[in-house]
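Take a look at the structures below.
Next, two complexes with subunit A in common: one pairs it with subunit B, the other with subunit C.
Take a look at the complex of A and B:
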């Protein structure tokens, strides 16, 4: 293999695949990045066997070939290259990659590309097409609610379902639930339901840049995998086996109290409350006070810690229904407010021990449920 | 004017063991680890004390001192259960209770006593002098703890914590023989300095062996001599500590009885009498400690987010590891599972340990995060509260979770 690439392209490609590298695997080749010539471009791939990322970059190819080199080391090296042109020259016999840039000459010991796990080459003919901007927003609004607890693998995923022209994502960590719908530009060839690791979706959102039009999604039959393709990159992920718990059943159908409040004001109040709450049990108390005939309602947001002190903020609100004191994990409330795009947000609930439903006002596509903290 | 009662259970661990095995009564025995396991005496019976055995003595030496000494392995959960029973009775006596160790506490009984100054002035009219009322309260609590729990204790009563504690100690020292002292000492307000005066300086808080030596070289041996040394002189020699010492020597101590409600963490640890390398035994100990911590949390109506383990290797290096939970907990099982995860991450299977500990910090009101699909945890919580209730009434061994 003998190729010449631009340093900035190589850096971008290595950064895209870096999160799939598995530096502490028992399989040494998983700590490496695959470098291969591929139809006039250079292909970079990394995988940790659960998730794999491939990225294609432009290159001038003089001689075809492939190898793998330690990903972290290679990226560090490329970042410090003195010249914009990087020449890669592989000694096939010793699997030594000679890297030259300006006056800098390096020999890096690689592992034969044969040892690198093959990446799937799926057929994208029947792919589901989703606008990148929509898909990224969906991931941003849903993936954070997934669990990080390995004891509950199903909840570490996002339930993605496609039916006709509607795609729905749902994630829950057992305490909160995020559901977001979106409309496809074309009807999907067949209905699909799968649990995709939240981490893989977050990575996809990271590598799909905003200018791109569509992301294509396919689930090759019988492989338990999903493959996404965006411009110049592909991401493959194992699907999570199991049954996602029925979330429809826990979304309240009615409420006794509805509070309308400015998203930004509530978010700011939560961030302040969190400074105190995080020292203790993470509790923020929302004292929702009724609107009278003529005066407006308000929400008193407060937090206190045994060790550091307390905080209180009054936020103006329109309150319909009963007054209520309800407590939430402040992090949960802050995280959902951070992904709500509308200027106003509604909090619907029925009792201090009933779920709180958070909805952006004027956007029917998003819904978030947080279970309250029970004050003993 | 306050009145403080200090209570110290007599040879507590031994007294509890005698309740479980009455054949031990009157015999020289010691609670602690076996000599071949580097054990030390944690507590010794009065019959053993009469033969020169002392607490904290290596068990080997104790055996040489008293060859017929019976060694009883410690039963931690028994002691903490009995201790709690005693503390409950103190809480019933008066609301302000400060527990300072498993077998010792202060109780503020000011509201139960006539003002000692006034009563001494009005002695003619009132038969209820301070001394007789205070002694009555002391005797009553001693009798109650003996009758209901079978435990002897010594009591000191004075106008402050310092003098009350020293009163208990002098009472215990004054009693000789092979049975529990069950002493009661009341120091009337105004006579604190007089009471302390002949006692050795080492009985004061904050006078350790080093300070004692330094004072001794200045010709100061008794608390009375210390009181006449002058605040400024002592401050020059020992800094702010010296001034404090002078106040104490004159029987002045302003610290209130402060119930520990501002605990920043709740923890339990156990030092093994020999290094333990068996995974099963260690994990069982971890479980027992977690249960104890959980129970303490629930009793204090607290819950915490950070679970910590403490490990000491045979070479005495000690390390702690912690994990933070998404929501505060006061549940034994959740504490144990987190602690177990930390232990398994930190320790190679089979590696020997001298000590393990479990603690919970990040404490707050026991608010708990409700779950979306939460029926299971709610069930666990109900079971836990039934277990707590049963154990509080009938002792820890009445019910245990299966493994």
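Take a look at the complex of A and C:
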């Protein structure tokens, strides 16, 4: 293999695949990144067997070939190259990669590319096409609600279902639920439902740059995998096996109190409350006061800690329905407010022990449910 | 007062006292009778934990009408004829006392139809007074109905434990017999719903699951062994059953069950033999779980030791014990050559026990290192909450795991962090020397005091779950949990009873974070059975202790310097920083004086 690439391209590619590298695996080749010539471009791949990322970058190829080199050190090396041009030259007999840039000459010992797990090469003919901007926003609004507890793998995933021209994502960690819908530009060839690891989706959101139009999604039959393709990168992930809880049942159908409030003010109040709440049990109280005939309603957001003190913020609100005192985990509340784009948000609930539903005002596609807390 | 012969009712009540001690013993006698009668299906109904009603129905051979009256007589049995038969008893009962004894302390109705009889018959015994035999239509088999147990023995009635305890005893008994007779269908009804039901298809592992819970049953190892060295000391011995792997332990011996020729016995030498088989594989104070079925020639074992027949004598005890020990040891080693840290076990299980066990090691090693030195005797304070330096070598701590601690107001001096060793211990310097701190134990202590403080302020918030989680527990743990629901509520667990042995978790304490509610709940009641009715305070401390154990940072986790410092300063603020909630020491103190002497700077040369 003999190729020349631009340093900035190589850096970008290595950074894209870096999250799939598994540095502490029992399989040494998984700590490496695959470098291979591929139809006039250079292909970089990394995988931890759960998730794999491939990225193609432009290169001047003089001689075809492939190898793997330690991902971390290769990236560090490339980052500090003195010249914009990086020459890669592989000695196949010793699997040593000569890397030259300007006056810098390096020899890196690699592992034969044959040992690298093969990446699936799916057929993108029947792919579902989703706008990158939409998809990234969906991931951002849903993935954070997934669980990080490995005891319940299903909840570590995001339920993605495509039916006709609607795509829905849902994630829950046992205490909260995030659901986001979006419309596809074209009707999907067949309905699809799968649980995709939240981590893989977050990675996808990271590597799909906004400039791109479409992300393509395919699930090759019988492989238990999903493959996403953006312009010059692919991400493959194992699907999570299991049954996702029937989240439709969890979403309350009615409410007795609806509070309209400015998203930014509420978020700011929550952030302040969190400073105190995090010392104790993360509990924040929302005292929702009914709007009278003439005066506006308000929400009093308060938190206190035995050790540090207490905080209280009043936020103006339009309250429709009964007044209520309800408590939430402030982290949950803050996290959902951070992903809501609309200027106003509605909190719907029925009782201190009933779920709270958070909806952006004017956006029917997003919905978030948080279970309340209460003192024993 | 002149000596006189006791009235027959008094005599029979005294005799009954030996056999019929509590509702569970009635169940035991009746179930054994049913099994002796060759029952294939056995249904037990109880009401008010057996106080009001115990009804045992079987489809066994039944009793002919003309023998019915005899059946309820004292010393009347079909199982034994001559005294010589006593030495080769193959039935569970033989004394001919059970029915008579039960009849003398309750209102007993015996309904039975022999297999070949056209019509059944029934007889009623009330406080030992026999009624008349009346013909009655009945299915083949026998139904014994015991109502108002001990109605005429108020003293006994008064000494019965609370309903839950009595019910637990019955649950445990039934499950164990179900295990011993897997091909008999057992059903235990408490009210309209069955609390125990077995298929009678011979599958012991399924029954094991209802005794210990599914997770534990899956881990149990099967053992099979035979000793056919027929010497003069006895005939063939066969052993079958299930034992726990070394990674699965309990804090008491309650889960060690022995059956000899199908009879549940509590024989301490046998359990000692079993525990010895685990020698070096278990931590001190931990015991295995086991259900062992021993088959031997009836001539080699004497069951006629005590009316309740829970004790036996072996003709060749040594042989029996060593057989059990060898068989278990072999089974154990075949499955797990070395005691392994259960990595796959979920976090709630024993892994923290394992890690906390490690903390004994440095003490032991240190003792070894200096014990073999002829130099000055090591003076190390073993810190136990009191500030009195005692001159002693360090002993690996074998403190009993009591939840309650003497409250002392001894705070730590200000400590300067030096670093972490082996990702398990912190080293700190104080004004009076060196402190070695076990990070897990220390964190447990810190959390424990925080939790108890919040608890005392009734300030433990609960986070509701999106959808309730169902947890099914084995009957024994279930009734225990049921009795502790309010206490769990104070700790932020919103748990409701939801049908037999099933609970619905609606909310979790915030402290638990993202952990799986089902396994959290299981971990809380696992081996919680040692005290039948501990004081409420103790229970609370115990639950808190268990919660903390679960949450505390584990040994082997590298902490960054900020975390280490935070742990130290939290520990400094504790009221009794020197022991963990389970009584193990959190730290070892090596005084400046000791260091100087060890380095030969001062003192004896």
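Here is the rule we use: the second predicted complex is superposed on the first by the 376 of 376 C-alpha atoms of A that agree within 3 Å, B and C clash if a C-alpha of one lies under 4 Å from a C-alpha of the other, contacts with A are read in each partner's own complex, and residues count from 1 in each chain.
The definition used in the following text is that a residue touches a chain if its C-beta (ideal position, glycine included) is under 8 Å from a C-beta of that chain, and two chains touch if they have at least 3 such contacts.
Here the structure is a predicted model, which means the values were calculated and not measured.
With the two structures overlaid on subunit A, would subunit B and subunit C clash, or do they fit side by side?
Superposition check on subunit A flags a clash between subunit B and subunit C.
If you stack the two complexes on chain A, which partner ends up touching A:374: first (subunit B), second (subunit C), both, or neither?
Both: A:374 reaches subunit B and subunit C.
Looking at the overlay, does A:307 come into contact with subunit B only (first), subunit C only (second), both, or neither?
first
Could you tell me if A:152 is touching subunit B, subunit C, both of them or neither one (first, second, both, neither)?
second
According to the stated criteria, A:329 is in contact with first (subunit B), second (subunit C), both, or neither; which is it?
both
Scan A:282 for contacts with subunit B and subunit C and give back first, second, both or neither.
In the superposition, A:282 contacts both subunit B and subunit C.
Would you check which partner chain A:80 touches, where first means subunit B only, second means subunit C only, and both and neither mean what they say?
Neither partner.
Kindly point out the stretch of subunit B, out of 73-81, 127-135 or 199-207, that overlaps with subunit C after superposition on chain A.
73-81
What is the shared patch of subunit A, the residues that subunit B and subunit C both contact?
149, 172-177, 245, 250, 281-283, 306, 327, 329, 353, 355, 369, 371-376
Can you list the subunit A residues touching subunit B in their complex?
149, 172-177, 245, 247, 250, 279-283, 305-307, 327, 329, 353, 355, 369, 371-376
Can you tell me which positions in subunit A touch subunit C when the two form their complex?
147-149, 151-152, 172-177, 245, 249-250, 281-283, 306, 327, 329, 353, 355, 369, 371-376
Which of the residues in subunit C end up touching subunit A in this complex?
Those in contact with subunit A are residues 346-347, 453-454, 457-467, 469, 489-492, 507, 510-511, 513-517, 519.
Using the touch rule from the top, collect the residues of subunit B that touch subunit A in their complex.
Answer in residue numbers: 262, 264, 301, 303-305, 326-328, 362-374.
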